[in-house]
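In the two complexes below, chain A is the common chain; its partner is chain B in one and chain C in the other.
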Partner chain A sequence: MSITVNQPRRRRPVGHTLRILGGVTVSIIFLFPVYWMILTSFKQQVDIFTSPPTFWFEPTVAAYAEYMTRADIVPRLVNTVIVATLSALFSIIVGTMAGYALARIRIRGASAFGALILLSRGVPPIALAVPMFLVARNLGLTDKHITLILAYSTFLVPYVMWLMRSFFLSLPKELEESAMIDGCSRYGAFFKIILPISLPGLLSTLIFSMILAWEELLFALVLTNRNASTIPVAIAGIAGDTVNGANWAALTAVGTITVVPVVVFALLVQKWLIKGLADGATKG
Partner chain B sequence: MTGTNMAGLVGRGEKRTGRLKDLTVRWSFMAPSIVLMVLLLAYPIFYTIEISLTRFDIATFSAGAWVGLDNYREVMDDYRFWDSLWVTLIYLVIALPLQVALGFGIAFLINAEWAGRGFIRALFIIPMVVAPVVAGGIWRMMLDPLWGIVNHWLGFIGIGPLDWFGDPALAMATIIIIDTWRWTPFIVLIATAALLALPKDVFEAAKIDGANWWSTLWSVAIPLLVPVIAATFVIRWLGAVKMFDIVLASTYGGPGKATNVINLFIYEEAFRSLRFAESAAMAVIVLVLTMVLTALFLRGTRALEDRY
Partner chain C sequence: MGTVQIRNARKSYGSVEVLHGVSIDIEEGEFVALVGPSGCGKSTLLRMIAGLEEITSGHILIGDRIVNDVAPKDRDIAMVFQNYALYPHKNVRENMAFALRQRRMPRAEIAARVDKAAHILGLEQLLDRKPRALSGGQRQRVAMGRAIVRDPNVFLFDEPLSNLDAKLRVQMRSEIKELHQRLKTTTIYVTHDQIEAMTLADRVVVMNSGVIEQVGPPLELYDNPATLFVAAFIGSPPMNFFEGDLVHGTELVMADGTRLDLPLADPQGRRRVTVGVRAEHFDLADDGWPATVSVVEPTGSETLILARLAGDVVRILIRGRTSVQPGETIHLRPQRSSVHFFDAAPVPEVAQMEDVA
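So, the complex of A and B:
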């Protein structure tokens, strides 16, 4: 082990060190905004609006205490959790089955449909938001969780299909062939053989789907107003509030609440996440 | 042996029901997604087309009298629509190559072998999971001309103070910076995996042949990476045409209309001005444009993959 690690280090010491330094510098630059957001969320107004910007101050949770109640953050947080979880679960079921069909099952016309769905990832959401709003309004479905869940599945299902299809293609064909020769039905092969070994891919896709739903803004803006409204809508409202000026305490506090759980979640499964991401992009 | 005998004994009718059953099982995997996509994707798109060809009736909130291509004509004559498309184009043309190049460059840097490599790679997940609307908000705070930390730092090297949100060109730079911050880590992670998958012996050979750093990059590494770079570009393109949240939270299309990307423009026209018919026409035009370009890019990627 130590020999293989040491060899390249001896060969190009200067370039290697520069690369490491460059990498560390770049990651500090990329992380700073998140650090700054969390830091600012614990500042008092005096410490926020000060020049030069300060790194050392008396920390306070006043912003959290105040805006958790004022901007209906708690109910919105609950809505976001409900919608993100259910839409991701729903989409992963539907999308995984279709992804498997596209990768493994011969169906006449299915590949054309698959190509259409892949292409649909390029559909601008605004082209769906207008008719969805009108239909939901006429059916009395605006401001309901189910509406958002279904709306999110329009981009989550194609996403899951795309990723899971490439994941299934990377599995050896013999797996389900031998299972089906042994008397397993197609369902049996899928649920008992394929799904268990696909668990890492499934999990990272599920988490990514949840994150995509968690941070979605356009559909939430258009399809909800009070009961089913989500956190991104609240943040857009705070950030876009030009009447009261920049309310950075609120912005950073609510921003931190939104971002930190997702970051923790993503870091916990980072190994699978990176693998799923890389596979999805390279084996397409 | 017994298997073939059994098959021979099975009657024709049973075979047919067997095939029918098999067909049902096969289709049952596909059917839910087809039903869902027809209801939630195809139907809204056709409804958008219908609205775009009618005069929208605000009283019943549905499509009214048929007006043919009038809405399209009106939209085509609207300079604001063209301005917005132009703004979107500038954003795409600058941001996409920038992010792909930066992503692969950074991936090269953080792939250097040392103890902290895995840790640094994991850190790059963090910006990637910050909601775009939050990203827009944080950067709006950091780029604030008066209190922002960026201008404070730029002051040290004698730049500024820059009016990031007041100057049209700088505002475009602002949304590109935020977008690049939010999306480059995503490309970094894909690129890291792609770089690790490169065959090592080719580089050893290049080194033995006396190839310098630059020619190794251009004649060995880049040709090998072309398929991944192209695929990354397409994925990033699919996300970038949806650009909305960051602009909404940072510049809100301003100053004037300098960063009013097409999605924000259509959103405003539909839900603030309630011009549903016109915005439906715009949405259809944008839909066709993105579809054609996406198909072209996908085909281009395929061609590149075959070539390399």
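So, the complex of A and C:
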């Protein structure tokens, strides 16, 4: 058909191209260390120290092979999975319900209580590490999974609580009221209406919580020894090996192993992270 | 039983009382509108009936049962919210079925009820859609559908039409009225729009600052407003008011010295009064209150004249058409039976606020 005359050509403005270029540049800057880590993990010691650094080398999985077979790495990975999953799940359950209560239920002093919990996050973890160790030791809880789970919950619960609180505040309260008139108790309205709607927010909070627990070093270093020790402790150990010097291939190999599950997990739940599931509840 | 009795209900937030003892008896099957300016306590009262707000003191009875301490879910009421509050993760069918499923009703009956309600509201084609795929008017209809499948004792409406555009609002207004005539369920309807209240309700409750100003059938409020507030709030165009001293029984002397002859004396014999006359209760005559025409607004069937009298705007509504021109002086004669006397007071501003929602 010959009506092309009236069809405006789709022209992308220059600003659009610039924005894409900017985005790509920033991504490269942020992703380069990750790329370099993965690259290094496949290098041999000689290639790592080549100057200038080389991109072309004979890849080897020696570092992986060596470290995966070393006695401490796999148990530590398992420990990390256990601690990160359980502490994140525990914090999500407690924090979400606490956040809901802070957002919705009128209690005297609720806001002061919430602020106090947030304030507890302001204390630097290093200041808490030693007291926490003493408490754990007196309770006979050092070097156990539960120790780390509880320790991580001290910062994850406030984190979840505040994130979910603001999420709940953004939902119209008429949703629960409607559910309560339709035959739900407050709990029923929360579980049947509010939680399903909050799933995207809940999942992204869960992921961030798991990542925070996954990569935590300080408490793991102080509170565990051998049985419950996690991967970040192993990495720190390799980096701080004063006897043999830092084994960079090993360091980056273990680092890569640590990162991969997080990335896979994030990709799996990505489709839940879309906004707008709550659209349509109200007038629109 | 769909009666609702409100006995001296009060509501305080901390030390601030927002509802100062309200009593209303609502009959089975009645359509009652709570109307008033924003902040008058009408929504709070509705939410107290629903169980969403605690009752500070007094009693609310639904049927013969005091419901002060009964949870919303056990009050057998259905409520339509201003923002509809549809469950966004459920489709239209699930939204309507939710309350029935909560009551563990058999599947077949749920399906039958949902289909029936969908048929009444013309929602059959939309049953599988999520709320976000619906227009504002459709969402409103689903919200109503969710209420009517319940077949509750009482319907509560909280400004259900104020989020719709003007045309749709008028259409849904008629539909709500038709629905009520069909279902005959006791209905309590909150609105700030006096036209909505007048056109829909069997009885209108006018509220202001946490108290009831007057309760009555729409036309009774219109014809015999009990207070200056009701007189100013009900009616469109609004009633005209003239404040002054009565001398010789029927002569009103206004602050600037203007003297107006009234067709009758104040039955209560007050000295300082505010006199109210509705726009359509003036006759144009050869003698009477002189006013200067500023605007003439013909609408075909009637004509609204805005004129100035003693510095104030007077609205005159005459049936049919007129040759009156802006700038002209006209003479107004209020009809004898339609002059209202109130205690002298300035006209409450909130009562005359134009509807902007």
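By our rule, the second predicted complex is superposed on the first by the 244 of 284 C-alpha atoms of A that agree within 3 Å, B and C clash if a C-alpha of one lies under 4 Å from a C-alpha of the other, contacts with A are read in each partner's own complex, and residues count from 1 in each chain.
The definition used in the following text is that contacts are C-beta pairs under 8 Å (C-beta built on N, C-alpha and C of every residue); 3 or more make two chains touch, one makes a residue touch a chain.
Quantities reported herein were computed from a predicted structural model and do not represent experimental measurements.
**Q** Looking at chain A, does chain B or chain C touch a larger number of its residues?
**A** Of the two chains, more chain A residues are contacted by B.
**Q** Which partner does A:100 contact after superposing on A: first (chain B), second (chain C), both, neither?
**A** first
**Q** I'd like to know which partner A:184 touches here: chain B for first, chain C for second, both or neither.
**A** So A:184 only meets chain C here.
**Q** Name the contact category of A:240: first (chain B only), second (chain C only), both, or neither.
**A** first
**Q** Could you tell me if A:266 is touching chain B, chain C, both of them or neither one (first, second, both, neither)?
**A** Only chain B; A:266 stays clear of chain C.
**Q** So in the superposed three-chain picture, is A:72 touching just chain B, just chain C, both, or none of them (first/second/both/neither)?
**A** In the superposed model, A:72 contacts neither chain B nor chain C.
**Q** Identify the partner contact of A:143: answer first if only chain B is touched, second if only chain C is, both if each is, neither if none is.
**A** Neither partner.
**Q** Touching A:215, do we find chain B (first), chain C (second), both, or neither?
**A** It touches chain B, and chain C stays clear.
**Q** Common interface residues of chain A with chain B and chain C?
**A** Touching chain B and chain C on chain A: residues 185, 277-278, 281-282, 284.
**Q** Which residues of chain C touch chain A once you look at their complex with the stated criterion?
**A** Contact set of chain C toward chain A: 50-52, 71-73, 75, 77-79, 81-89, 98-99, 102-103, 130-134, 136, 139, 146, 150, 163.
**Q** Hey, which residues of chain A end up touching chain C in the complex?
**A** These residues of chain A touch chain C: 172, 174-175, 177-185, 188, 193, 196-197, 276-284.
**Q** Note which residues of chain A are touching chain B in the complex, please.
**A** 5, 8-9, 16, 19-20, 22-24, 26-27, 30-31, 33-34, 36-37, 40, 48-53, 93-95, 97-98, 100-102, 105-107, 110, 113, 117-135, 137-138, 150-151, 153-154, 157-158, 161, 185-187, 190, 211, 214-215, 217-218, 221-222, 231-232, 235-236, 238-240, 246, 248, 251-252, 255, 258-259, 262-263, 266-267, 270, 273-275, 277-278, 281-282, 284
**Q** Under the touch definition given earlier, write down the residues of chain B that touch chain A in their complex.
**A** Where chain B meets chain A, its residues are 22, 25-30, 32-34, 36-37, 40-41, 43-45, 47-48, 51, 61-62, 106, 108-110, 112-114, 116, 120-142, 144, 146-149, 152, 181, 184-186, 189-190, 192-194, 197, 228, 231-232, 235, 237-238, 241-242, 244-245, 248-250, 252, 262-263, 266-267, 270-271, 276, 279-280, 283-284, 286-287, 290-291, 293-295, 298.
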